[in-house]
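Structures are listed in the sections that come next.
In the two assemblies presented below, chain A is common to both, partnered first by chain B and then by chain C.
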Partner chain A sequence: MRIFRKELRKIFQFRVIVLFALFAVIFGYLFFAWQYYPGYYVNSAYDVPFYEELVAEYGATLSKTEYQDVLKKREELIDQVEVYIREDIVFQENDVTTYAQFQESHAKEAVTDAEMAVQEETNRFWFRNEATQWLLFRIQVLDNMERDVQFGRIYADEDALRIYADFLNSNSYEARERLKALFMRDEMSLLPDAVYELLNTDFFNLVILVVVCCFVLMLPYQISDRLRGILPIAVSTKTGRRIFGKQMAACVVTGGIVAAVLGGIYSILLAQKHVFVFWDCPLSHNPYRLWVDMTMGEYWILCMVLLVGISMTGALLSYFVGRLSSHYITGLAAAIPAAVIYCAGIRFFTKYMFMIGDMYFYRSYGHSLFRTFGGLLLLAGIAVTMVMVLLRRDKERDL
Partner chain B sequence: MSRKVFGYECRKLLGAWFLWGLLVIFLVFDLFLVWENVGYDRAEYRKMYQVIQRVGLDLEETGIERILDGDREPIGNSEPDENSLERWYAEYVKTNKGVYDTLDLTGIRDDKIGMAVDFKPEGAYQRWIERNYEKLEARIQEIKETGEARCGFYPGLVYEVHSKLFGRVFRAILLELMIMTAFSVLYLMDYERLQRTESIVFCSKTGRNLLLGKCFAGMVCSFLDALILVSVPVGMFLWFVPMRGLWGTMVSSFMVMEKRGFFVYPFITFVPLEFREYLGLVLVIVGLLVVLVSVLAGTVQYFLRNSYFSMLCMSVFFWGGLALPYLVKNGFAHTAALLNPAALWYMCGGWFVEYDPSLSFAWSEFWTVGVWLTTALTGLFLGKRRFRREDIG
Partner chain C sequence: MLTISDVTKCYGKNTAVEHISLDLDNGLYGLLAPNGAGKTTLIKMITTLLMPTSGEILWNGVEIHRLGAQYREIIGYLPQQFGYYKNNSPRQYLEYLAALKGLPTEGLRERIEEVVAQVGLSEVLNTKMKKFSGGMLQRVGIAQAILNDPKILILDEPTGGLDPKERVRFRNIISAMSKDRIVILSTHIVSDIESIANQVILIKDRQIYRNDTVSAICAELNGKVYEQSMSNEAYEAFEGDHFILSARQEYDGMTVRFFSEEKETEGRTCVPNLEDFFLVTFR
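== the complex of A and B ==
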C-alpha cells in the first residue's frame, strides 16, 4: 500500500497539474456549452426560467388535471398580451385587437404598407419590447406543450397513437412498444430540451478533458521512470516486477480521481446555473425518447459513472502508451492518435446514448442502449487486454 | 555547428519512427478530409471544369446571353446534362454578376459588429475601423473599374473551392505541421539530456552552441515534413478539382464568392490577387509559421530544459491564443489579441481578404508572424545567452 501511495504521489506532479488546470480553464472557456446555458437550444431567455417556475409550482411532472390548470394560465397570459395589443396605436389603426389576429399578422406574408407596419410592430412585440416578449415567449412554451399533446406525444389515447405513432420510422417491435408507453403516459415531464442538450454536449467535452488529463499525467510518470533507468532495476527481482501491477492500479485510481474531480467541478457549475432544479424531471419530454425511464438526476449520475469508467479506461490506455514510449516526444506523438481514436470511439458509442430515435425527423437509432454499454465495454476490454499482455510480458521478460 | 554535425542531427530526426508514423497518420487524415470535401463529387467538379473552359475565363455579357438564349451549339460529344450544366452556369453568372453593384460593405461591417457579442468599438478604435473600411470601399471601386471581378471559376456558392482548400484542408495541415515542427525541435533539443550525454556535449563552448544548431536542424527537417504534408493533400485536391487555366482567376471574382456565416459577398482582397498568387502567399505564411513554431519551441526549451513541459506550455499558449480575443473584447487590445499565431491559424481561409472588422487592414498575417517571430527570436537569443553561462552540473 505504501508503494501504491508513492506511485500516486509520483503521478500527481504539481507543475503538470498547474499546466493542466490552465489548459482545462481555457478549454472550458472555448468549448463548454455550460457558459451559454440556457442560450443554446431555447427559443428565448425566458423559456428555462418559466420551466423553473412551473417545476416550483407543480413539481417535476404535470398530470392531466394540472395540465388543464396550465392551459388556464395560458389564457391569462393571452389576456395580458391583449391588453398591450389594444393599447398599441399601430394595432389600433389596423384593427388588430386579439392575440389570434396578432399571431396571424406575424406569420403571414406582408404585402401592403399597412401589413408591413403591423408585422414590424409584431416583431417589436416579440423581440424588442421586454414587457411583451416576456409574455409571448411564455405562451410559446405552453403552445409547444399543447402541440405535443395535440400530436399525441403525451397523454395519447389509442386514436392519437394510430394517427401519429406510425410516423416514426421504427421497424422494431420493442421501439414501437416503448414509444407507445411513452406517448400514453399520464404525466408530462417539465424538463426543458435545453437541459438535456446541455448535459449531452458537455458530457462529451468532459470526456475529452478527462482523457487529455489522463495522458498528460500518466506520460511523464511512466517515461521518466524509464529514462531514469528504473525499469532494469525493477525487473531484476520478483517483488520489483510486481510494482508494474501496482503502477497500473495507481493509473486506474488516478483515472477515477481525475473523473471525480472534473465531474464534481462541472456539477458545481451546473448547480450554479440552477440546472439541478430539474433533478426529478423524467427524461421523456424531449425530442429524443429514451429506452429507459430515468430522471434527469439519475441520468446525470449515470453520466458521471460512465465518465469514471471512461477515464479509468483512458488511464489504462495512457499507461500502455507511456510504458512503450522511450522519449517524452515519442510518448506525446503516440498519445495524439491514441487519444483521438479513443475519443472518437466514445463519441461513436455515446452519441445516441439510450435514444430510440429523433422525434423531429422521425429517424430510429436502433438499440442505442446496447450500443452505448456494449461499445464502452468493448473499448474497456481492448484497453485491459493490451495492458494485461504488457504486464504478462513484464513478468516473463528476460533482460 | 559544422555541416557534418548538422547532418547527424538531421539523421536523428529522419530515423525517428514516431515522427514518420505521425506523419503517415496525419497524411491519411488529410487525404480523408480531401476525399470527404471534394473526392465524392469529383465527377461534378470535372464536368464543371469543362463548362468553365468552354465558356471561357472572361465572362463577357454576350457569350452568357447566347448560352441562355440557347443559340450556342453543343460542342463535340457533349452529353445533354453537360449542356444543361452550361446553361445553369450561365444563369449563375447572370444572377451574381451584379453583386459588386449592390454590395454594401459598410452595412456588412455594421452587421458583423452588431452580431459580435460584447464587441462595441468606440472612439479612436471605431474611427480606425471606419478608415479601414473606407479603404476597402475604394478597393471595391477599383475591382469594379478594372473588371477583375469578372473571371470564370467554379461557382463558389455551390462548389466552395476557396473555403474547402484554404479553409478546411489548409487549417488541418497547418495544425499538424505546427505539432510536427514542435516535436522535431523539442526531440532534438532534449536529446542529450535524455541520453545522459549533456555533461559531455555541453562542456565546451562549441557544444553549448550545438543546442541552437539542433533547433535549426529541427526547423530544416520540419520543412521536409511541410513539403510532404502540403504537397500530397493539396496535390490530391487539385487532382479532384482541376485548376489548369484557372490559376489566373482573381480571388475577388464574384464567381469565387461564398456564403460565410450569415453573409454572402465576394472575397475582397486588400490587393489584386490571382489564385496562384494567393496560394503562393498562403505557402509563404505556412513556411513562416514553421519558422515561428521552431523558434518558439527552441525558446521555451532553452528556458524549461524539458521537452514534455515545453510541449505542454506551447499547447497552453496555443489554446490561450485562441481564447485571448474572446477575453479582450474591445479596443486596439482586441486587435492586438487577434494578432497571435493561434488566431492566425483559426482564421486560415480568411487570410488576405476582408474577414473580421478588427483585422480589416492589409497584411495582418505578416504583422502577426513578424511581431511574434521577433519576440521569439529575442527570447531565443536570451535563452542561448543564459544557457551559455548556466552551470548544468
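== the complex of A and C ==
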C-alpha cells in the first residue's frame, strides 16, 4: 500500500496536473456541447425552457389526461401568435390571418414575388422576432407531441399499431415486442431531444478527454523511470519485479480518478445548466427507443460508471504503450494510434447505447441488448490480456 | 556465503561471461576488468536483473531466484548509471526506496538520517537533487544502497565523477562496512580497490583470470617491474622496445616505469602494484 501510494504520487505531479487541467479546459471549450446548451439545436433555446416548465407543472411524464390539458395550451399559444400575424402588414396584404395559413406559407415553395415576401416574413417570425419565436417554437413542441400521438408512437392501442405492421414485422420478435410496449405507453416522457443528444455527444467527448488525459499522465510516468535508470535499483529491491504490477495498479486507479474527477466536474456544469431538471424523465420516446426502461438520471449515472471503466481500460493501454516505449518520441508515436483506435472502438460500441436498431446498420434490428457492455468488455479484455502478457514477460526477462 | 557456480551468460551468439565460479564470504571483493569485459553482466546476474544462460547463483546453498524477495531483501545495489528523481530531496528519494526495500516506517526517519550522515549529506537532506553535483548524487546512491543494511553490497563503478577527497571518503566508508558483509566493488579504476580490497577478481576473455589477494597478485610481477630515468630523446627509442607502464616528465628528462620479462641491467626494480598487473594483463 505504501509503494502504491508513492507510485500514485509519482503520477500526479504538479506540473503534469497543470498541463492536464489546461488541456481539459481548452478541450472543453472547443468540443463540448454543454456550453451551447440549451442552444444545442437552433430551436432548443426555446424548447428546453418550455419542457422545464412542463416538468415543473406535470412532473417527468404526461399521462393521457394531462396531455389533453397541455393541448389546451397549444390553442392558447396559437391564439397569441395569430394576434401578431393579423397585425403584420405583409400578412395583411397577402390574406394570411391564421396560424394554419402561416404554416402553409412557410412550408410551400415560393414562386411569385408575393409568395417570397410572405415566406421572408414567416422566416422573420421564426428566426428574427423574439416574441414570435418564443410562441412558434413552443407550438412546434406541442405539434411534435401531437404528431407522435396521431401516428401511434405513444398512447397507442392495437388498432393504432396496425399502421406499423410492416415496420414491426421487419424486426426480430424481441424488438417487435419492445417497440409495441413503447408505442402503447400511457405516459409520455417530457425529456427534450436536445438533452439526450447532449448527453450522448458529450459522453463521447468525455471519453476522448479521459483517454488523452490517461496517456498524458501515464506515458511520462513510465518512460521517465526507464530513462532515469530507476528500474535497476527498484527491481533489485525486496519488491523486485512486483513493482511492475504495482505500477500497473497505480495506472488503473489513476484512470478511475481521472474519470471520476472529470465526470464529476462535467456533471456539476450540467447541473448548473439545469439539465438535471429532467433527471426522472424516461428515455423512452422517439427517436431514442432503448431496450430497457431507464430515466435520464439513470442513463447519466450509467454513462459515468462506463466512463470510469473506459478510463481504467485506457489507463491499461497507456501503461502498455509506456512500458514498451524507450523514449518520449516513440511513446508519442505509439500512443496516438493506440488512443485513436481505442476511442474509435468505444465510439462504435457506445453511439446511441442500448438503442433498438443499430446506427450503422440501420436495418439490422434485433441487436443484443448487451452489445454495448459486450463491446466494452471485449476492449477491456484485450487491454487486460495485453498487460498480463507484458507482466508475465517482465517476470522472467533480462532487464 | 554467496556461491556463483559455473555461470555463463550469452546474448544470442555473443558470450558475455562464461564458466564463472566464485565463493564469496564476508569481505571486500574488487571486481577488476577493462570496459566491456563482463563485470556489469556478472553484477546484474547477482542482483537478479539478468538470468544466467547456464549455471546458478546460490545464497547459503539456495538458488537466488527461488529465494526471491528473501534474497533481494539482503542486497544493496548501486548501478553504474544511478537513477534518481531530480525533483526529490534525498529524504523523499530514500523514503521511496525504503518502501521498495520493505523497510518498516518505524525508525525509518532515523535510519535515513543515519545513512545520509554516513555519506556526509546531512546538510542537504531536504534539498532537491537537481541542485546536486555529481559527487553528491553518487553519495546519495551509496546511501540508498546501504539503507537496508545489506548483507551483500554491490557497487558498480561507484567512484565515477568523484574528486580525490570524495574517493577517499568513499573508500573509508566501504572498507568499514566490509567487516561483516560481502562487498563487491566493480571497477576499472585500480586505485579504488588496491588499498581496501581483501580479494581481487580479475576477468579476462570472459572468464575469471585471477581471484586472489592484492599482494599475491602483485607478487607475480616481482622482479619484472623496473624504473629508469632517461632523456626525452632516449625515451623515444626506448618506448618502441619496451612495455611502458607509466612515464613521468621530469625537469631533466623522463622517469619511466616499465615491464620486462627479461632481467634489465639499467633500470632499478620496483615493488609492483595492482595497476602494473592490470596493464600487463590487459595490454
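Points to keep in mind about this one:
Heads up, the rule we're going with is that the second predicted complex is superposed on the first by the 356 of 399 C-alpha atoms of A that agree within 3 Å, B and C clash if a C-alpha of one lies under 4 Å from a C-alpha of the other, contacts with A are read in each partner's own complex, and residues count from 1 in each chain.
Everything that follows uses one rule, which is that a contact is a pair of C-beta atoms (placed from the backbone, for glycine too) under 8 Å apart; a residue touches a chain by one contact, two chains touch by 3 or more.
All values reported here derive from a predicted model rather than from experimental measurement.
In this overlay on chain A, chain B fits alongside chain C without clashing.
In the superposition on chain A, no contact is made by A:Leu71 with either chain B or chain C. Once the two complexes are laid over each other on the shared chain, residue contacts for A:Asp398 go to chain C alone; chain B is not touched.
Touch criterion met: A:Ile336 reaches chain B, while chain C stays clear of it.
In the superposed pair of complexes, A:Met116 makes contact with neither chain B nor chain C. Put simply, the three-chain overlay gives an angle of 70° at chain A, taking C-alpha centres for chain B and chain C and rounding to the nearest 10. When the shared chain is aligned, chain C comes close enough to touch A:Leu231, but chain B does not. Touch criterion met: A:Arg2 reaches chain C, while chain B stays clear of it.
This overlay, made by fitting chain A, leaves chain B and chain C with a least C-alpha separation of 6 Å. Residues 16, 18-19, 21-22, 25, 179, 183, 186-187, 190, 194, 306-309, 311-313, 315-316, 319-320, 322-323, 326-327 of chain B touch chain A in their complex. Remark: chain C residues 44, 47-51, 68-69, 72-73, 75, 77-79, 81-85, 87, 95-97, 99-102, 105, 144, 148 touch chain A in the complex. The residues of chain A lying in touch with chain C in their complex are 2-3, 6, 10, 13, 225, 228-240, 243, 396, 398-399.
Partner chain B is touched in their complex by these residues of chain A: 15-16, 19-20, 22-23, 26-27, 29-30, 216, 219-220, 223, 227, 327-334, 336-337.
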